[in-house]
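Naming follows writing order (A, B, C, D and E), and every chain is counted from residue 1.
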Amino acid sequence: MSELLQFLFSGVTVGAVYALVALGFTIIYNASDVVNFAQGEFVMLGGMITWAAHAAGLPLPLAALSAIVITSAIGVAMNKLAIEPARGAPVVSLIIITIGASIFIQGAAQIVFDKQIHSFPAFSGDAPLRVGGATILPQSLWVLGGAVVVFVGLWVFFTRTLLGRAVLATSNNRLAAQLVGINTNFVMTLSFALSAGIGALAGALATPITLTAYNVGIGFALKGFAGAMLGGMGNPKGALVGGFLIGLIEALTAGYLSSTYKDAAAFVVILLVLFFMPQGLFGRKSTDRV
Amino acid sequence: MRISPKTATLLVLAVLVALSPFFFPSNFYYRIGSLMFVNAIAVIGIVILTGYAGQISLGHAGFAGIGAYACALAPVHLGLHPGIAVFLGAAISGVLAWMVGRPILRLKGYYLGVATLGFGILVSMILTNERDLTRGPDGIDVPDLGLRALVNGLGLNLSNGQFWYFFSGICMILGAWIALNLFNSPAGRALRALHGSEVAARTVGVDVARMKLQAFVISAVYASISGSLLALQNRFVSPDIAGFMHSIEMVTMAVLGGVGSVLGAVIGAGILTLLPQVLTIFAEYEQLVLGLVMMLVMIFLREGLLPSILKRFRGRDE
Amino acid sequence: MSELLSIEGLGISFGGVKAVHDVSFKVKPGEIVSVIGPNGAGKTTLFNMISGIYRPETGRVVLNGEDVTGMEPHLLARRGMSRTFQNLQIFQSMTVLENAITGYHLQESGSVLADLFNLPASRRRAREAEAGARRLLERVGLERAAEREAGNLSYGSLKRLEIARALALGPKVLLLDEPAAGCNAVETEEIDHLIAEVAASGVAILLVEHDMKMVMRISNHIVVLDHGEKIAEGDPATVSRNPAVIAAYLGAEAEAEHADG
Amino acid sequence: MLTVDGLRSRYGRIEVLHGIDLHVDSGEIVTVVGANGAGKTTLLRCLSGVQPVTGGSITFRGEPLVPVPAHRRLARGLAQSPEGRQIFTNLTVEENLRLGAFLFTDDRVEKDMDDAFAMFPILRDKRNLAAGGLSGGQQQMLAMARALMGRPSCLLLDEPSMGLAPIIVSQIFEVVRGMKDLGVTVLLVEQNAFGALKIADRGYVMETGRVTMEGPAEELIADPRIREAYLGI
Amino acid sequence: EIRIGASISATGPAAFLGDPEAKTLELLVEELNAAGGIDGENLRLVMYDDGGDPNRARTFATRLIEDDEVVAIIGGTTTGTTMSILAVAEDAEVPFISLAGAIEIIDPVRPYTFKTPHTDRMACQKIFEDIQARGFTRVGMISGTDGFGASMQAQCKQVIGDYGIELVADETYNPTDADMTAQLTKIRNTAGIEAIVNPGFGQGPSIVTRNYKQLAIDLPFYQSHGVASDGFIELAGADAAEGIRLPGTALLVANLLAEDDPQKPVVDAYKTAYESHTNSSVGTFGGYAHDAFLILTEALGRADATDPASIRDEIEATEGLAGTTGIYTFTPEDHLGLDLSAFRMLEIRDGAWTLVD
């Protein structure tokens, strides 16, 4: 049925964006147990920098690349200037630092750029692809592909590489990580660079669909956060599935029930899932014993 | 006789409320003062929930919304006096917190965060979208509390700003007194214990689920009353009061001041209420500076303003 | 006197591996029963089942004639059960004194409303709890650390703080999981005396400890676990001579060392 | 090999080490004993770089150690099995061991791991289990094994026998003694003073942040004050 | 020196509206002072950013009156913030000109409160007039859940019956949503639907428009004055925006105005000044601020400039004043001063605004 298919396409389009944002959360979380509320700003920067660079005459791929590189650098700076100096602070303090960083980045963006809404051309045109009576934009496939590639990359990183294990070890027990020779500062720098880069990638891929402005970060952060928690924080698989699930729930609710309460539906599902699986769908239980 | 920290805190607060007006350059500062106190009430609730019991909430603005809209709607629909509506709002918030809290307080850390976030968003959504009841995103008028007329009838002559300054100041001190009582009481200790180790708290006989729920309900009532007072003094309320940003603001105020400390809560609320007013001189750099200040405070005073400063102060003492 | 605590065929498994299997024994008031066995034998798991932290898959726990299997820990505490932990469970950001006072939670806690409004009843209860807690800190030698933040204590001191907190409940049954770990021989003896004293006041004590000198010195009865199963039980002399116990746990050399120490 | 000279350290404003002098020669086993709260753990934390040093100096293989960040000290040959075990509870036993050899990528890692499993067979059975699920004693073994995976030339052990069954305790002391034959230097903090001093060359006694006695291990064992205060004999 | 105050949502969810308003006010004050001020006195603008939060707006209104001692206030980008400021201004008896849409602001008329934008209701009426003229009777609506969208949705529902039109589909989206194809699919599949209306501002309508094209919906499509600026065509894409109609102001079609159109000079002047000053295109919302400023300064010129009451009286006496939005004539019964004729039905053709006649 073409109607259902269209709803699914809508859900997948949005879900892929959420999934990309959620994936961005996982790395910093895995390295430090901190949910970086500035993650949404990385997405915003990805979109805004790509727009600005493109408007300044850079070809689109180059503009996107520069956005990713610059945002990663901003991520590293954030770690060096704001997170590292606060080492040893309680997690709530770190969270407030990330919220502060988020406000700061937003404030900077509105000065460096402007307060208008922007976009740039889709990567492979605007001609919708028709499948079984429903349509999807080629750009959605770009976002989809981006989410899957990032997911695979992260999954391999965390399960197959010693460095990935070192990231997990750092959050699990920083003291022990140092004792086995892990440079925990480097791990943090790396994870901020990666997280910010993934965020910027999300922004660059999604902007032709979602549009961008200096203040879109918080919305992305919320949805990405919700997706990551639904899937189980820290697990790339969870981020991917959680993000898509939220997108699909929203689209199906908007299509079949009520567009007004589609966000509510997403949160009701999250509450239900957490009721039965307090660690989210794929989150692992902490194994500390008494 | 040594003054207990509790008495000291209450004294400081009383002096603050009573003497500050002598330093006000204009009547406008009564408004800022009363906003600080109203915010502080909600933040004290967060101190109980997060500082004492270690539970995160990213949705407490939802309760503030309930308290506020109770004052807007109950007089119209139920014919209640707005003053009674404050208690009705608090009761609804309490009951709702109890119902919502039972399932979600089993969750830990960020999972609890996202669940409370969901709750807050649901409330704000209903306030926004149930136009027929709430008049939607543009907000709704709130009837006059009438207390000022009463007080002024007793011979005082308070302007609206002055009245709300002193009234919310008194409410805030009352709220602080209750929270301070709790801190060193058996129940407060049980909360702080389960914060430290749930398992150990259970084995010493703390009914962890029940205590968490109590903390959640109490903090919801604080938020609700704060929302009511804000609505009554503004004579107007819009769904922004239940918004995510307001929830975050409450938590930020608590953490900035020092999340375990009642006086810290008041200081945190004070700073974050005053800061935007000060920052207007930076015009478009306002957000930039606000973010910067938040980061700097947390980097250099990582346990929050008050506890960190006290620590240094004591350090020099010895 | 009849038994206070009776363990009947308790068992649990993790990921298909039986951590504890069909373990039974009884403890009388005033008696010290030790559970020993190799690392990973299931001692702590057994404690966790008895104290309600894990729900046993098989068997029953009977306390004072009542079946309390799988009951919530705080309800067990109400019925007189108290314990310490092998992996410290300290209220880090509270003071040492406050840590000890929490042990009085059941006696001191009344209605939250009384606490919120600082009613006299609430104040009186809090005062009594504090006085009791100070006495207990003295008994474990921590009176001078009373006002320090608990997280700042050394490992051995924390072990003793846990004992004080457990005693504060005024338990009928006390479960101690390696109370002497991290203490030297002299400190261990102090703990010895304390335990003996508590037992003498009629409390049933269940002890897990790897310090064989201590175990042999104070136990009335010893239960030996290996791979989750009870492989021996009896009085100290019998158990220490049991070849299976020597092979699995004590080791020939340890015994020799014991003899020369 | 390791020389500690007038070492001071503090937590916040409270000083807990008031000038420790101590040295460990190459290939030696040195034991430190002391009451609860004497500062033994703090001393080891200073040596491994996770505790700020506020005075004095540490020299390791002729070079000052204090400026070296913690994560570089393993590369210099200094490994620690810390108090409270500090294993990676969310990672598997095998991952814990591999991270112990984080600095190495050669084939010897596998061999070292086999050696560790040979030393503590129970860990082999549990290699794919989250380390947080291990029993207390098993975690202690893992901490020790992980330290060995770092191929130290100097091993710092903080109460390695804590929570271990007697049969394993004697085994651990055997292992430590065996280290000596492999040329590894060991600084051992122990509450089981008797067992520890028996395998040690020399010993130190710490009391409230100071070294109050030192000497060859046999002498310390024979010293009546020590026998009374620490050995309980 | 004459001090006037402003509380604008230059950031926050309504920044899209507030930002051009703030820039416009700054620009105009600068221009006015350069030209010698009012009766030789410089004008000082004290402007605060309320971020769209009514609570903050109330605080700033209090501050403007009690601390900065301004003689009049412009602002309230949104209806929520306006209602907050309004209460303070009325209490203190300080003239206040709002930039928000809701009819509640001036109905009932309050002595000190005026507003420059058309009401939402008028926009609805204008749209339905056009729909009626084209002979359609079954209409679907997709609106944002923000204040602007929700308020206009409600007003449209109230007046739709007057035009013999039936609302057959009513969907909403959140202002931050990224895809509205689900809602549009649902609307499109509604039996007998003939046209679609989209009340909203910000990125929402642009995305709706893009999705409209993606789904190849060929029903007549109406936007609201919330998107009346060139930026909208750019964001939605000229292609997707082709054929869209909306009620707009003279500002957007400055080049199409007749030479003798009374609005022509003021529109041209503002457009040139704004676009050269900010490097972005003018929009309806900046225009509202422009008109508020114009009305206020005209009144200040006539009044004893330090007395709020006399300023108020002069504002109320404004007559036939041509602004960018329309020609204002206030009376004691009418504090809006515009009628439906100020709205012009525009249509986007080939990426540009054209007048529908």
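The rule is simple: contacts are C-beta pairs under 8 Å (C-beta built on N, C-alpha and C of every residue); 3 or more make two chains touch, one makes a residue touch a chain.
Note that this is a predicted model, so its numbers are computed, not measured.
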Legend entry - Chains contacting each of subunit A and subunit C, listed by label: B, D
Legend entry - Shortest path length from subunit A to subunit D (each step joins two touching chains): 1
Inset, instruction - Could you compare the number of C-beta pairs in contact for A-E with that for A-B and name the larger? - result: A-B
Legend entry - Chain at maximum distance from subunit A, centres defined as averaged CA atoms: C
Legend entry - Distance from the mean Cα position of subunit C to that of subunit B, given in whole angstrom: 42
Inset, instruction - Can you check how far apart subunit C and subunit E are, centre to centre, with Cα atoms defining each centre and the answer in Å? - result: 73
Inset, instruction - Provide the C-alpha centroid distance between subunit B and subunit E, rounded to the nearest whole angstrom. - result: 36
Inset, instruction - Would you kindly tell me how far, in whole Å, the mean C-alpha position of subunit D lies from that of subunit C? - result: 28
Legend entry - Touching two or more other chains - residue numbers and ranges from subunit B: 129, 199, 284, 286-287
Legend entry - Numbers and ranges of subunit C residues touching at least 2 other chains: 44, 53, 85-87, 89
Legend entry - Of all residues in subunit A, the ones touching two or more other chains: 110, 260, 263, 288-290
Legend entry - Contacting residues of subunit A [partner subunit D, same complex]: 162, 165-166, 168-169, 172-173, 175-184, 284, 286-289
Legend entry - Touch list for subunit E against partner subunit B, complex: 10-11, 48-49, 52-56, 58-59, 62-63, 65-67, 78-80, 83-84, 87, 91, 102, 104, 145-147, 150-151, 154, 172
Inset, instruction - Spell out the residues on subunit D that touch subunit C in their complex, using ranges where they run on. - result: 11, 33, 35-38, 41, 83-84, 122, 129, 133-138, 140-141, 159, 162-171, 191-195, 228-233
Legend entry - Interface residues, subunit A side, partner subunit C - complex: 288-290
Legend entry - Partner subunit A, residues of subunit C touching it in the complex: 44, 48, 53, 85-87, 89
